[in-house]
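There are structures below to look over.
In the two complexes that follow, chain A is the common piece, with chain B as its partner first and chain C second.
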Partner chain A sequence: MNLPVEAVLRPRDLGEALSMLAEDPSAVPVAGGTDLVVQLRARRRHAPVLVDIGALGLDRIAVEGNALVIGAAATMDSIARSAAVREHAPALATAAGQVGAWPIQCRATLGGNLANASPAADTAPPLLTAGATVTAAFPSGQRRIPVLDLFEGPGTTRLAPGELITSVSIPLDPVPAGARRVDRFVKLGPRREQIISVVSLAVRAALLADGTLADVRIAVGAAAPTPVRAPAAESVLEGRPPGGAARREAARALQEDIAPIDDIRAPARYRRLAAAVLLDRLLGEISHG
Partner chain B sequence: MAEPLGGRHPRPDAVMKVAGSARYVGDLALPGMLHAAIVAAPGAPARVVSLDLEPARAVPGVEAVLAAGDVPGANLVGTIFPDQPLLVEDRVRMVGDRLALVAARTPEAAWTAAAAVEPELEPLPGVHDPVEALEPGAPVVHESGNLVRTFRVRRNAGGDGAASAPVVVEAEYRIGGQEHAYLEPQGCLAIPESRSRITIVASCQCPFYVQHAVARVLGLPLASVRVRQAHTGGGFGGKEDYPSEVAACAAVLAFATGRPVRLIYSREYDLQATTKRHAMVVRHRWGADTDGRLLFAEVESFLDAGAYVGLSTVVAERANVSAIGPYHVPSVKVDTHVVHTNNLFGGAYRGFGAPQVTWAHEATMDRLARAVGVDPVEIRRRNLLTGESCTTCTGQELPSPVLAGACLDRATELAAAWTGSATVAPSPHLRRGTGVALVLYGCNLHHGGQFLDRSSAVVILQPDASAIVRVGLTEMGQGNLASAQTVAAQALGLDPSRVEVWEPDTATVADSGPTVASRGAHSTGLAILDAVRRLRRRLDPVAAGLLGCAPGEVELADGVARVAGDPSRAVPLERVLGEMTARRIETIATGWWRSRPRWFDEATGLGSPYETYAFACHVAQVAVDPELGLVRVEHVAAAHDVGRILHRDAIEGQIQGGIVQAMGWGLLERLELDRGRLLNPSFTDYLIPTASDTPEISMALLEDAPGAGPFGAKGIGEPSFIPTAAAIRNAVCDALGIEIDRLPFTPPVIVDALGTAHPFADLLD
Partner chain C sequence: MDERIVVRLVLNGEERSFRVAPGRRLLDLLREDAGLTGTKEGCGAGECGACTVLLDGRPVPSCLVLAASCDGAAVVTVEGLGGPAGSHPFQRALVASGGVQCGFCTPGLVMTGAAVLEAGVTAPADQARLLSGNLCRCTGYVKVFEALRRAGEDGDG
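Presenting the complex of A and B:
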């Protein structure tokens, strides 16, 4: 079936793309289109003009200075397979490798996954725990927005009209001497593959030589109107070993951090229990090395 | 040359389908062809206040917009009962009911025009539960009332056992429906020729149903409606009666415009509007002695038929007589109610009512086992039909050998021999369980549908000793072409590659009834054998002349005609056909098959609803993660009483497919409704298993009890599906030590069933 799209513009470079987006408030950027095309086809979203940003060279993945920088048009497949991502942000690599099916991963992009602002976006929790920022460009410049501040609600971001995510930057924060970086992601759904997360969870922390956790960051997907950090659970775990009593206390505290609803994919009660179980198990795995 | 029967020669349709050269309806286009779309009711029930079609007519490219008054013949679809209009006149009864039809030059214009119509509907009170629908004061779907019909079995009902049984279990099972999820959505192409005749090319299981439906809405003689089955991308019952509606839409538009019209459903509309496996409520009260020997069984079932009868009464007939399974029960009382609601349209789906009642009776058998304190396998062994006690639910005596016990033995042996999963790592979070389920499957159509149990074939031998075979039953992925080819090749002594079986065309064979009830190979094969028998009256004398023997001594095998008992005296069949051609001897023959008459009393439900039966036993081994409610089916052992294997790949494919499809029904597939509207009309949210969810499967195919089909074959399509979900249910309950009585077992259902026993439940207090 045809899409209700009047024009697809193909800018030659980023500058032209930004002008096109700035000039026409109805223009929407498209890269992989794996979310957008479905929404257009179902008339859930109106976008008479599309600006193709898939061929602007925005797909680089590289360490630049003390950050891992991933272009907005980098595909899930390239992120999942990138040695740099696997080294510095293994949870993100795991998440990217579990988005939809492999054909989807070969088209879907990181910028699109964030701009689509699904509460269940698989790359959001590992980016939240990594303290990532997005670079948003506009004709007269660019600004950096922490991923934490990017999401406003289901399907909405705090990007201004005409702003385009061009890259995502993950700081390379080294762990203290003798410590081990822990960076994990897990998603849950009723079948083994090709699922939209019913709950997803990312944990990033330093496991110190004395067996305690430091700089604990936890994020949860599909359990609130946006992907969220879990400060209550984080503070329970800070400075404590991941095993033992802290596990259950953290799972309990996590309930304060999330606000799931009943929807077609699962009831809120299930999401709460599942989030607790996922956190408990991740902590168990961390404590067992 | 290996004998074709039981072989693994390539399926004739495999390469064309895998390589993409098979042309489905969506690949067919004709010059001037128009595209159809449907103006569908967004809510139900409702009274139609007004229907302004001008907005649709105003869309550029639109060639025709039709309402109920524009149907040239009867404004009626519905295979059995005349209760369903092609186009609604005044009353909407289900979401998706058709209000008008559009034909336009592009599919986009057609669907845009259809969406431009905003019918004015006055909502009426609806009813959305089949039990509540029978309560006094419930809103009625049709003026005739919500109870369509009740089927019964009464055999020594209320006898001594019911009063005195020391062990009685009761349960109410709530069993969800299922979407067929065929790869190819509904579609057809209608090609009119003046206004006197029409050809329909349809994705369908039952071209003769389509022929009748199109003749009725166009007011044409049957002879003027030709239906060709297109390559059909899956059916599973979903293309049994429903394609008649699709074809009727396209045909009416084709006659109105005089142009070919193609109608292809969007997946969303297909999911909402087409038939589904019936959601059912099944109530049990069963009693046994202290050894677990059954004394009585009482079953009351409610089928949610939706707003129209469709095939629901026929589905209920099978559910009714399948209600107690393959067990010897002295006293039986079964009531099976067909009930109207404003929910989805209940219809045919692989198993035809039997999977639901099987899920229930196998759950009850496990309950009884626990109540009595014996092993679930042992309680079945004590109650299974055997050579000595072989009276079915309806009082039918089965001839020996009876393979129920053999199926149970073979399946449990295969399960015990399974050495563990290579894909599921050991984990402290997993609990393992094993479940067993059996089915007694009545082969072919129920007594009530026996008037349709017939089949036609045409065999045309070619001068080069190849053969054209025309059949009346369809290929929809199940392997009917392969089995027909195998039967013809075996009977003619030809290599299967020399036999071309063509998909049905109503202009080439007589009405052969529907391709349903696991009757494809059976009915097709016996009609082919009849045609070959008639051909050989002409072929054998010619071959005998060449061989210098009597006609009665001729046998056909390995591509030659030869003297029986003296295979060195042989002549190539090509030479025999050359001789027949030279002498202008007729090399075409028709074949016919019909099932034997039998006795069945509808009032008591006693008698012989089916001619023969097939048994099957599945054992499921599962790993359950109770904290997350996840079930991994690791292994299914399947033992089937198949009569005779015709094509080994086809039969194994049926069993594998049946198991995976049933696993989806048992664990994943939910039709979420809001007042009859489907909330998850996409494969993003209606989840079916993927390849990575499939279990390991072990099979035993038992050929010790010949059936009535060609070479003794029995149907496999439905028995391969029926026991799996029940076995999985029992395995999960075994792993968890609780009873769960609603299907599907989605993760939230399992977690809910654990209640406060869930190890994290206290966190939510």
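Presenting the complex of A and C:
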């Protein structure tokens, strides 16, 4: 079988890729292809000209200054195994290690996961809680977009046509003295592996020496048209210990933060309950160390 | 239209060159252009693992990989896994453990399993997690996991 594709262009550097994308408005970038090939095969997407971005050297993962910088073409497998990611963004390492199964992780890229803009994209919640920004390049320059502002709706981003994500930066914000960073991700689906999340949730905070939480950030996937932050639940937890009354109140407040829908994977009501359970579970884990 | 694309591979250790349609999947290049029909197509959508091959040493679903993206890469299929010594230790352990029934999943399964061993993963729970994308409707997995554990322990044996 051949996919309905008329040309695959194979640029060797970023500049060449950007001009190929600029020259042909119908050209679409392809990285791992784990979303795009599925869409092309099912004729859910028309993309006759592909620009393969696999040879542009965009797969580096490194600490640069005050940020952890992950190339857009880094695979989920390399992110999950990276010592730097596990140290500075453990929730992202966990999420990457739960995208599909291992062979998918060896192809699927971070840039593709974000640009595909599924509300269930597993790397989105941990990037939202980490305050990550993407760097996007176009022929005449580049710009930075907070991951929070990248998503427009299901399957759509605010990237301009021909604009390429080149990397994702996670600020290395230190925690106060004596405090410990907690950074966790959990997803729920009918099976542990090879499933698209019914709901996913990330929590990032500083656990202070007195047992209270500071700088609490919560994000939820698959519970709104885009992955979202959860300000109501965050403010309930700020300055309080993660167990006890705050834990129950936060799970309730979370309901204001989300707007799930009924779809093939679950009804909205189930998603609401599941999001509360996931938050409760993570807070339980955090309060028990 | 449909300008053919040259794809050079080190395929099972041998340098090969193919001229393929731009929309060719790696799976079809292997099965139809290279005649290596060991690799199977199950779902065609990345979900079953039957089409798994090693691309530059990593297991990937060849049904989702564009052949055009593989120019210059090393590909290993089930036909090339064992090398001159015969079959791979995991293949032998699968046979010995009774981990093969209809055999449709086996070519993909052995590629992922070989990569698990190559990565030095020995904890049974981790081995099972890494194999979770290779679906098998016959064996119930117990003997498959047992074979992988054995192959890991025996090294070459």
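Convention: the second predicted complex is superposed on the first by the 289 of 289 C-alpha atoms of A that agree within 3 Å, B and C clash if a C-alpha of one lies under 4 Å from a C-alpha of the other, contacts with A are read in each partner's own complex, and residues count from 1 in each chain.
FYI, a contact is a pair of C-beta atoms (placed from the backbone, for glycine too) under 8 Å apart; a residue touches a chain by one contact, two chains touch by 3 or more.
Since this is a predicted model, take the numbers as computed values, not measurements.
Enquirer: Check the residue A:Ile196 against both partner chains and state whether it touches chain B (first), chain C (second), both, or neither.
Expert: first
Enquirer: Look at A:Gln255 in the shared chain and tell me whether it touches chain B only, chain C only, both, or neither; answer first, second, both or neither.
Expert: Once the two structures are laid over each other on A, A:Gln255 reaches chain B alone.
Enquirer: A:Asp149 contacts which: chain B (first), chain C (second), both, neither?
Expert: The answer is neither, since A:Asp149 touches no partner chain.
Enquirer: Is A:Arg107 touching the first partner chain B, the second partner chain C, both, or neither of them?
Expert: second
Enquirer: Using the superposition on chain A described above, determine whether A:Arg265 touches chain B (first), chain C (second), both, or neither.
Expert: First partner only.
Enquirer: Report for A:Val37: first if it touches chain B alone, second if chain C alone, otherwise both or neither.
Expert: Second partner only, chain C.
Enquirer: Would you sort A:Asp13 into first (chain B), second (chain C), both or neither based on which partner it touches?
Expert: The answer is neither, since A:Asp13 touches no partner chain.
Enquirer: After overlaying the two complexes on chain A, where does the chain B footprint on chain A coincide with the chain C footprint?
Expert: Common interface on chain A, chain B vs chain C: 1-2, 42, 192-194.
Enquirer: List the residues on chain A that touch chain B in their complex, please.
Expert: Touch residues, chain A against chain B: 1-2, 42, 188, 190-196, 198, 248, 251-252, 255, 264-267, 269-270, 272-274, 276-278, 280-281.
Enquirer: Of all residues in chain B, which touch chain A in the complex?
Expert: Result: residues 106-108, 111, 266, 268, 429, 627-630, 632, 667-668, 672, 679-680, 684-685, 687, 689-690, 692-693, 746-748, 751-752, 758, 760-761, 763-764 of chain B touch chain A.
Enquirer: Mind listing the chain C positions that touch chain A in their complex?
Expert: By the definition above, chain C touches chain A via 1-3, 5, 21-25, 28, 44-47, 49, 52, 55, 58-61, 63-66, 68-69, 71, 112, 115, 129-134.
Enquirer: For a test of understanding, state which residues of chain A touch chain C in their complex under the given definition.
Expert: For chain A paired with chain C, touching residues are 1-8, 10, 30, 32-34, 37-38, 40-42, 50, 52, 54, 75, 77, 100-104, 106-107, 192-194.
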